[in-house]
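The data blocks that follow each hold one structure.
Next come two complexes, and both contain subunit A; in the first it sits with subunit B, in the second with subunit C.
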Partner chain A sequence: GSMRALAAGPQTHFGFQTVTEAERREKINQVFESVAKKYDVMNDSMTLGIHRVWKDVLVLKMNPSPGTLLLDVAGGTGDIAFRFINYVRSVRERQLQRRLKHHQNLSWQEIAKSYQEDKCNSLGDSQVVICDINKEMLKVGKEKAQDLGYSEGLSWVLGNAEELPFDDDMFDVYTIAFGIRNVTRIDLALREAYRVLKPGGRFLCLEFSQVSNPLLSRLYDLYSFQVIPVLGEVIAGDWKSYQYLVESIRRFPPQEDFKAMIEDAGFFKVDYQNLNSGIVAIHSGFKL
Partner chain B sequence: EEEEEEDEVEEDGGRRPLYPGHIPTSPLQKALLAAGSALAALYDPYRHDMVAVLGETTGCLALPNLRDKMKHHPEGYRILQERPRIRFSTLDMARLRGLPDGTLGREYVRFLEDNKVSPDTRMPPKFVDDEELAYVIQRYREVHDLMHTLLGMPTNMLGEVVVKWFEAVQTGLPMCILGAAFGPVHLSTRKLQVLATELLPWAVRSGRNASCVLNIYYEQRWEQPVESLREEIGIFPPP
Partner chain C sequence: VRCQLSPPQRPLQTSAVLRRVSDEQKKEPLASSSQQQFDSQPTDHQPEQEPQDPHSSYPGQGGQESEDYESEEQLQHRILTAALEFVPEHGWTAEAIAEGAKTLGLSGAASGMFQSDGSQLVLHFVSQCNTKLSELLEQEQKLVQQGEAEKKPTDQFLRDAVEARLRMVIPYIEKWPQALSILLLPHNIPSSLSLLTTMIDDIWHYAGDQSTDINWYTRRAVLTGIYNTTELVMMQDSSPDFEDTWRFLENRVADAMKMGNTANQVQSTGEALVQGLMGAAVTVSNAETSRALR
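This part shows the complex of A and B:
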């Protein structure tokens, strides 16, 4: 009983089970190895495609300008990274169009030259580093990037959110979408986020949160526990990973508690925005 | 932590796992699984895991029925007590291969090798909420290849459909009935003709005439000639 627990290490949770931290890390590793190939299909099925909107809102809120250096942690299959690239690309295009409009008296040679230069810089030096702890997820992400034609401005790094392989003060923005819930020591991940951000940098977290409306909450619970594991079994042949998923959502701290944790890590101007009545929340903070 | 565990158990209809691999499910979850697995299996008949799940979630009437048939038969009763499993590790392939042609053991091994199948690919049950019934469905899955051998049917679509019809009549499992009814969808018209005119009537007649195939302790009858076993069970010679 408790003697064994003391010997094995600090206790934590895996969904609704009680496990050691080491066991939790291993179990979560197995979950993501198992779900990686069907991750995107499952996300679409479980959320009826709405996860795409949530991710769009995150990048809209980020409103990155060309030249931004983004670190997307637990970025696995690349959803945030690709949206970031699309966004800065379109912002850049608009910049270039505006610039051309103001240079009405250029010669044809000068205009052609500026086209050439800009073509080589369609992202305006923006870059995204996708960091994930799981090799399978990174693999799926890289293949997806190839299939969708994303080549420049992306790097893929294997790393742990609790101990990032990056120097201090490096990034303009740090995002973690539907990932922090799977981190074993959230406080460490938040402190790492603070460390690697430049002064003035922004922390953005998109994550499942608590629904306060009682009726919606009951329906949400019913859907989560009755339907989602079934979807996992039918689509991916994997009930247990999706059972873990819905349990882990219930385990994650509510909006205000998480806000306090972010403040503890040193961030200022921390606030959150509920999406769909709190099914999902975006937390934001700044390093000053 | 105690509270959360109970929370989880509440969600699953207040049940605990009864055997390794058991996932307790609420009636709603079973209904959704049955519907989902039926659609998945129809869409892709090679999703054996979905066929298995369908069998488990819809077998609540047929399985106890089968179990009772086994209980009231001396050989079946022994099977329920001893719980034999058919696996590569439990089969002595060399010995079976050495048996004379026409014996159950020799023909079974021939069937496995010709069709390149293995008894180890059968899914263990997950959603059956009774430990004994879980064994019954497992036994049904493991003797499926022996059904092929006794009926002389290969593992192509046509052969599988014929065996499904036989099993549907024998076991009454909704999954077999559905498989029997929808399996032919994937067959060409020529094969459908053969199926309808020769194979089906024979399979159904044999299924009706035969005693319960789960009541045969196959592992103790490897030396028995297939023809003699067919006669004993009541399966008519294949066309």
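This part shows the complex of A and C:
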């Protein structure tokens, strides 16, 4: 009521509630602190494992070559980062094989030397910086990296997408997977993305979007509002966080509107690709 | 569907990369608009098209700033041209495009603007070669018109034109088979076919052959056949300076000239066509009959 109107700061939304921007940041922070440990499990159960495919498609679309410097924002538990590492590693292997095939006139010593040099550089100087605003998510990510055996090429940085702790023109690619809808000022995050990318660099966003097919849309709504919060309660003991999740998906702008926002931040050749009829979309733009 | 007549209203932010179009570039709108866009099958969603021509001006519209900057396509053309230098090493691939982008001071990630199968790189190159050929033939024609050169007989003209065009491929000859297979991919065929026929028609246009006993489609088909077969021969040719290829070319053109001089050939081409159609009709009707009998 009127008390709300006197609260400090501009109004925004938290799921379907209306809150101030400061309150929103705090609430979202709490959501992720509470779900961090069960984040991956919940992703698998809610999307029936399909989120893995979505993330694979994102990295495939990126098609990074060795030497790429990636900034993965809201990358918390490392899903995109690990896929990136795997990808550049296999591209690098193929590169080395091709090079060896060409150098058929080299002596054994020369070949052995080039083997050694390349072994120390299995990623071809590729690197990924994982930036997240939430300490708990980063912690889970680092532990996962250790368990899975990822050691080189990764850095973990605590930071806010609306105000990144990096210099201008640094990165080749900026990704944000299922993170941007949790950002309070999306326009600021987009402008920051533009700032930290090198000229020619690419912005990629994987996010829930709008389903256009009416039948699918009804089923999707049913599933979202009836099933997901229940799963949240059963698996993570946290109904409200998953209620927020579902509502935040509905609140996020549809494909075309988001595309316009990305263009407003200065990106060119902005385009999107729907996955699963629009349940999820990948938006792409270039800093030209 | 929102119809955009002007570039999207962008905040007046200087583009990081798109250069200001110099006065020189402004004088050649024909060159850039004749270079067609070769996007093959779109992904499942068609994004809104931004206006292609950077030189048009719509009085009273906002966004005048972007008029002075090169368009995205011009930048893409620059990247593809820069990428050609890396084709001998990397082939017609996204890697070559990434390297090309880097020489322009851009991130390699800019190669993401193009299709990952290298189609656009090959089509760009072919289009560039065709343009070069047209310019060459145009210059030659001027010289003839000004009386500074003799008009070549048709067979000589065709041989020289095809040789000139095929020679442009020589720096990339090792990776040319790869390029040919890319051009034959189903989604590229409309573009590659269009480029080919335009080039062939161009050659005939400059050949200035006035004889009316050869019909136009036959001419096009014949020269296309000569060009394609010579190109394939060139792939296999290891003779010094491809002299075997040029000899092959000479023979094929001579054959075609002989054929062209007999009006009978035209008739028999026509007859063959009709027979083909009859054959097709018979096959179809047989199929129908057999189905009806089941």
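The rule is simple: the second predicted complex is superposed on the first by the 282 of 288 C-alpha atoms of A that agree within 3 Å, B and C clash if a C-alpha of one lies under 4 Å from a C-alpha of the other, contacts with A are read in each partner's own complex, and residues count from 1 in each chain.
Just so we're on the same page, a residue touches a chain if its C-beta (ideal position, glycine included) is under 8 Å from a C-beta of that chain, and two chains touch if they have at least 3 such contacts.
Since we're looking at a predicted model, the values are computed, not measured.
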| item | value |
| --- | --- |
| Partner chain in contact with A:N121 - subunit B first, subunit C second, else both or neither | neither |
| Touched partner set for A:Q226, first subunit B, second subunit C, both or neither | first |
| Which of subunit B and subunit C A:G201 touches, first, second, both or neither | second |
| Subunit B versus subunit C as contact partner of A:K259, first or second or both or neither | second |
| Partner chain(s) touched by A:S212 [first = subunit B, second = subunit C, both, neither] | neither |
| Per-residue touch tally on subunit A - higher for subunit B or for subunit C | C |
| Touched partner set for A:V270, first subunit B, second subunit C, both or neither | second |
| Touched partner set for A:M62, first subunit B, second subunit C, both or neither | second |
| Touching partner for A:W239 - first (subunit B), second (subunit C), both, neither | first |
| Of all residues in subunit B, those that touch subunit A in their complex | 1, 4-5, 7-8, 11, 23, 26, 28-29, 32-33, 36-37, 39-40, 49-50, 53, 126 |
| Interface residues, subunit A side, partner subunit C - complex | 61-65, 67-68, 172-173, 197-202, 255, 259-260, 263-264, 266, 268-274, 284, 286-288 |
| Touching residues on subunit C, where the partner in the complex is subunit A | 8, 10-11, 13, 15-18, 43-45, 47, 72, 75, 94-95, 98, 101, 104-113, 116 |
| Complex interface listing, subunit A residues touching subunit B | 13, 15-18, 225-227, 229-231, 233-235, 237, 239-240, 247 |
